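Input: one structure, supplied below.
Naming follows writing order (A, B, C and D), and every chain is counted from residue 1.
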Amino acid sequence: MLHFENDYNKGAHPAILEALVTSNFEGLAGYGSDPYTENVTEQLRELCDCPEAEVTLLTGGTQTNQLVIDTLLAPYEGVIAAETGHIATHEAGAIEFTGHKVLTLPHQDGKLSAKAVASYLAEFYADSNHSHMVYPGMVYISHPTEYGTLYTEDELEALSKICQAYDIPLFLDGARLAYGLAADGAVDIPTLARLTDVFYFGGTKAGLLCGEAVVFTKNNQPKHFVTHVKQHGALLAKGRLLSVQFKALFEDGLYESIGRHALEMAEQLKGILRDKGYRFYLESPTNQQFIIVSNETLEELDQQVAYSFWEKYDDQHTVIRLATSWSTTQADIDALREIL
Amino acid sequence: MLHFENDYNKGAHPAILEALVTSNFEGLAGYGSDPYTENVTEQLRELCDCPEAEVTLLTGGTQTNQLVIDTLLAPYEGVIAAETGHIATHEAGAIEFTGHKVLTLPHQDGKLSAKAVASYLAEFYADSNHSHMVYPGMVYISHPTEYGTLYTEDELEALSKICQAYDIPLFLDGARLAYGLAADGAVDIPTLARLTDVFYFGGTKAGLLCGEAVVFTKNNQPKHFVTHVKQHGALLAKGRLLSVQFKALFEDGLYESIGRHALEMAEQLKGILRDKGYRFYLESPTNQQFIIVSNETLEELDQQVAYSFWEKYDDQHTVIRLATSWSTTQADIDALREIL
Amino acid sequence: MLHFENDYNKGAHPAILEALVTSNFEGLAGYGSDPYTENVTEQLRELCDCPEAEVTLLTGGTQTNQLVIDTLLAPYEGVIAAETGHIATHEAGAIEFTGHKVLTLPHQDGKLSAKAVASYLAEFYADSNHSHMVYPGMVYISHPTEYGTLYTEDELEALSKICQAYDIPLFLDGARLAYGLAADGAVDIPTLARLTDVFYFGGTKAGLLCGEAVVFTKNNQPKHFVTHVKQHGALLAKGRLLSVQFKALFEDGLYESIGRHALEMAEQLKGILRDKGYRFYLESPTNQQFIIVSNETLEELDQQVAYSFWEKYDDQHTVIRLATSWSTTQADIDALREIL
Amino acid sequence: MLHFENDYNKGAHPAILEALVTSNFEGLAGYGSDPYTENVTEQLRELCDCPEAEVTLLTGGTQTNQLVIDTLLAPYEGVIAAETGHIATHEAGAIEFTGHKVLTLPHQDGKLSAKAVASYLAEFYADSNHSHMVYPGMVYISHPTEYGTLYTEDELEALSKICQAYDIPLFLDGARLAYGLAADGAVDIPTLARLTDVFYFGGTKAGLLCGEAVVFTKNNQPKHFVTHVKQHGALLAKGRLLSVQFKALFEDGLYESIGRHALEMAEQLKGILRDKGYRFYLESPTNQQFIIVSNETLEELDQQVAYSFWEKYDDQHTVIRLATSWSTTQADIDALREIL
């Protein structure tokens, strides 16, 4: 079986495993107070060109979204997101679980436009009944989006500006950020750090066993954050599991090379799909590709290729996702070419 | 100033006040264990033709919606509602506050169609990722709706059927039910009780100082409900405030006569609006009327008539609400005719 | 049956009912934006000698405790209370429902000592694991306490000082405050306002049908408080129900006279109990009296006097409460003398 | 520096790391639907002699406690625990965060007695005000306790009986269970499974990088449990991280041998402490040892041995914890002997 269903079907990048093995018998303090965690903070401050960034390492994406949103919002506030945003669709109500409404707006290829956000905010405050409504207290975007698309610098500037105008934070879900940096013309990390208030480097989908590195960029990490993390059930006793992995990820250009590799594989994948006449659901410049496939074709693929069901397209067709990652090999691609 | 802004701008119907005065010096047990509460339960079992109905008296509508939804849903479930439903728009996130997502569907004149609900449920269970999504655990409708419209018996039958098919309760918000029963061809109370799993008789908008009477119709009141009520901060020490009022409301046909009176006033109001050439936003058979008014006209009205802003229609026009109630007098109507 | 079981078994003081009747047909804005609410704010600013006090009217005590505590605490904070405090015992977990732990300390006759609070706080911050614990974020006291006892000015000063030292608010639950002001040497209202950060005037137990008037004394009412109230399901559409009653309560010395009357009745009650040889559980200077009664005596009383079970004393004895109130008459007292 | 501060200061047991390395390039389904997870379920059914056991793998202890307690309790229920229980002291209010009160009872060397639980439950239901109180809905014990002590089979039988009598589950926190099985006369796994309704095998403290294996023993895993896990932010995309580790842990007697090794080291540690005249705070048969040390001695130790502060004993003395684990070597013990 060829694995193109997602970017987390293998274990960890060998360099990551190696780091775990090497550090295994060091006696380290728990709960994130080990020197590796400090080291990651320094690495990310530099990478982000943001000397006052505060960094917290967490285990998974939904956990991270829940924690960041719940701790930055006031109780009477909700979070604006595209209706396709992960927090609005596939997190089992983890945001509502902590008391906050997800305020959804229409999307364009998975993206939220500054214009839509601006209208929503203007109309909210113009509505004389707004004290009976959920205050919009944050804007959430994912980059790459759930459809693999990317915001341009101009788009992020515009979102940042509207958030500043209303004094609400802009939060960027970077679960797949590694695969969003290597694309042609993609926004770089210091720019992301400058234009957002908080974002994270996804590790789970970039070759770690688990882990997401949250960066508060504006000296805005909520007070007693470690206690918030504990209260949410998200504090690991062996914080080293996260810090050792992330230290290795951000060393020697591994993070960047993982991104580049996956996108090279994705370019080949796109070429094959194009050559074979597959129909793209939309144009994605990153590691996730969405195609519209007839249900008969799907049944054939089932035997040889693992893919992700995305959504029903019509009665005869389905949208599926094929994804590359740090672990996709040239042999995988070549084998896929034979099958498709 | 003429008061047509809503149906709760006066105090209580004189018969209600009278009941409070008459019973004032009776020594009564607290927290809903007084004989008046028992009496109301008997009245409602008869009115609903539902001998096993369980009745709880609460103070306000949002409180009632929050309690019913939170106690009937499992933690991983959300509630389906029209996007215009009160719980989705004007309750400040009270449902999300208790951990549940409001799953909104498009509306038709404020109503939710069985077809839309059926599609949503079918698609949810067909989606292979649904264990990562919020389970739809209840259907919420308001009757009359936020736009004054009413469900037909066929529409309720269809909603009831789909809910039964998926084994989820149908909850009817009857904040304005008094004004939904007197309309021509309106569904009667025993039918409502038969087709829903839980609903309430709004008192606040039907001439009480406060109060909503919740009826669980299928022997389905959550266990230890009084403790749930207390835990939500909703249990009154002087439960008599609610029970004495409701007993009077359901005596001697007062509830029905309040409904009829308000609808007679509404018919006159509609006639005046029609005669004067006002444009209706939609056709409402109940006590709330929505009209589209130019912003200049609004400025004139401001001095003489209290109305409710509903929503912006376009840059030059606004949708406003005019409402009648138990307290609207013929003199009010006549005075309004002069002004409009 | 004589009613001494509590201070909320009758309806409302006649002057309160009268105010509801008189104002009944005024058309008033909803949700607390009526002029009566403004009036109550002015009354309380004066009564408290606190020109910047912010006032919110709510319906019941548990609701008020839940709202004040939940909105003033950070999510990682809990509230310190005596183990006998109402929030720790008889509110069905309403505080935990909103995510906050009640941190209980031993009591002395229902009171919390500044010394106990100071030790707790000092030990908390001295514990190197405290970031894994619930931060103490507020001190809650009731005055009178659940046992009818009162804090002295010195005791309140000491509690206030320790709260200031740790920058956490002191919250005084005044559900029975009316009966705590009339006692000999009792702390007066301006002093309470000066020494606490937030407190409330209980109305339910002082002759209203319902209602608690919350006073934030230090310009510290949480932002968008009305939205918090709505989100908790606690906002009344007919805010007038609360404001009209409170305006009448704080007019013409009614509030003070209600307190004085109940304490005069309580003094007579204590005299009778003493004369008849009853054993007091503790010395209470307010309207609640706790006595230890043999179970045989209780069975006799059952037929003629309503009292409250408080707790089991031993296998043969029970602690019961007898309470006077605004509604206790000389005839009630005289009849009780005959029975005991 | 010698590491005796806890049992989680090293990485993972080499056999665990090896399993991660070996399986690294297998393409596996996410979210716990991989074959390793199935395998662990089979292993635990056998180990527990409980063919219908349901198993879920989670990441950390607080997360596990929060999830199990929140999903098994009704909203109006709290959990009974010893006042020294981890959920009552060092989880930052994670239980209250999900709306549930921790109902604490006095402990004996960290243990909860069936007698204390029985009294509490009997008094609760005898109290006529109990519908205004938090219902006791579960009993939580840790085994070994926070003080390293163990329940006997008789003690567990008694607790189980009282739980059954009130139809509430008995939940055993086995964060350190590995070290509780190897002690002389310790209760075995099938007995634990028989006497509890849910318990877990702690992995984090038994040589995994992270992981806790929850076992519902009575066909009582809450419906849609994976959705609960997701909603709490606790579902790992790479579920393999947990399942691969646990499969290795329960293979070839590794789990048992880890326990035995740590207890052998602990026996030597106790001997040294005894020989050197240290004063034990209590008698612990497991891997955690608590001693009372003068503050001067502590300052000396600081340079050479990592230990855990437990609590202040008096002004001159402190209770500290020394712990052994899978990673403690004979060389560590020998070196410690030289220092103490």
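Just so it is clear, contacts are C-beta pairs under 8 Å (C-beta built on N, C-alpha and C of every residue); 3 or more make two chains touch, one makes a residue touch a chain.
Source: prediction; values computed, not measured.
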Starting at subunit B, how many touching-chain steps does it take at least to reach subunit C?
1
Please indicate which chain is farthest from subunit C, where distance is taken between mean Cα coordinates of the chains.
A
Quick one: subunit A and subunit D, Cα centre-to-centre, how many Å?
33
Averaging only over C-alpha atoms, locate the centres of subunit A and subunit B and give their separation in whole Å.
42
Between subunit A and subunit C, what distance separates the C-alpha centroids? Give it in angstrom.
50
Which positions in subunit B are in touch with at least two other chains?
75-76, 91-93, 97, 131-132, 227, 230-231
Hey, which residues of subunit C end up touching subunit B in the complex?
1, 3, 6, 8-12, 14, 17, 20-21, 23-30, 59-67, 91-94, 97, 204-205, 209-210, 227, 230-238, 240-241, 244, 306, 327
Under the stated contact criterion, what part of subunit D meets subunit C in this complex?
75-76, 78, 89-93, 96-102, 123, 126-129, 131-134, 309, 311-312
State the interface residues of subunit D toward subunit B in the complex, per the touch definition above.
31, 70-71, 74-76, 131-132, 135, 223-224, 226-228, 230-231
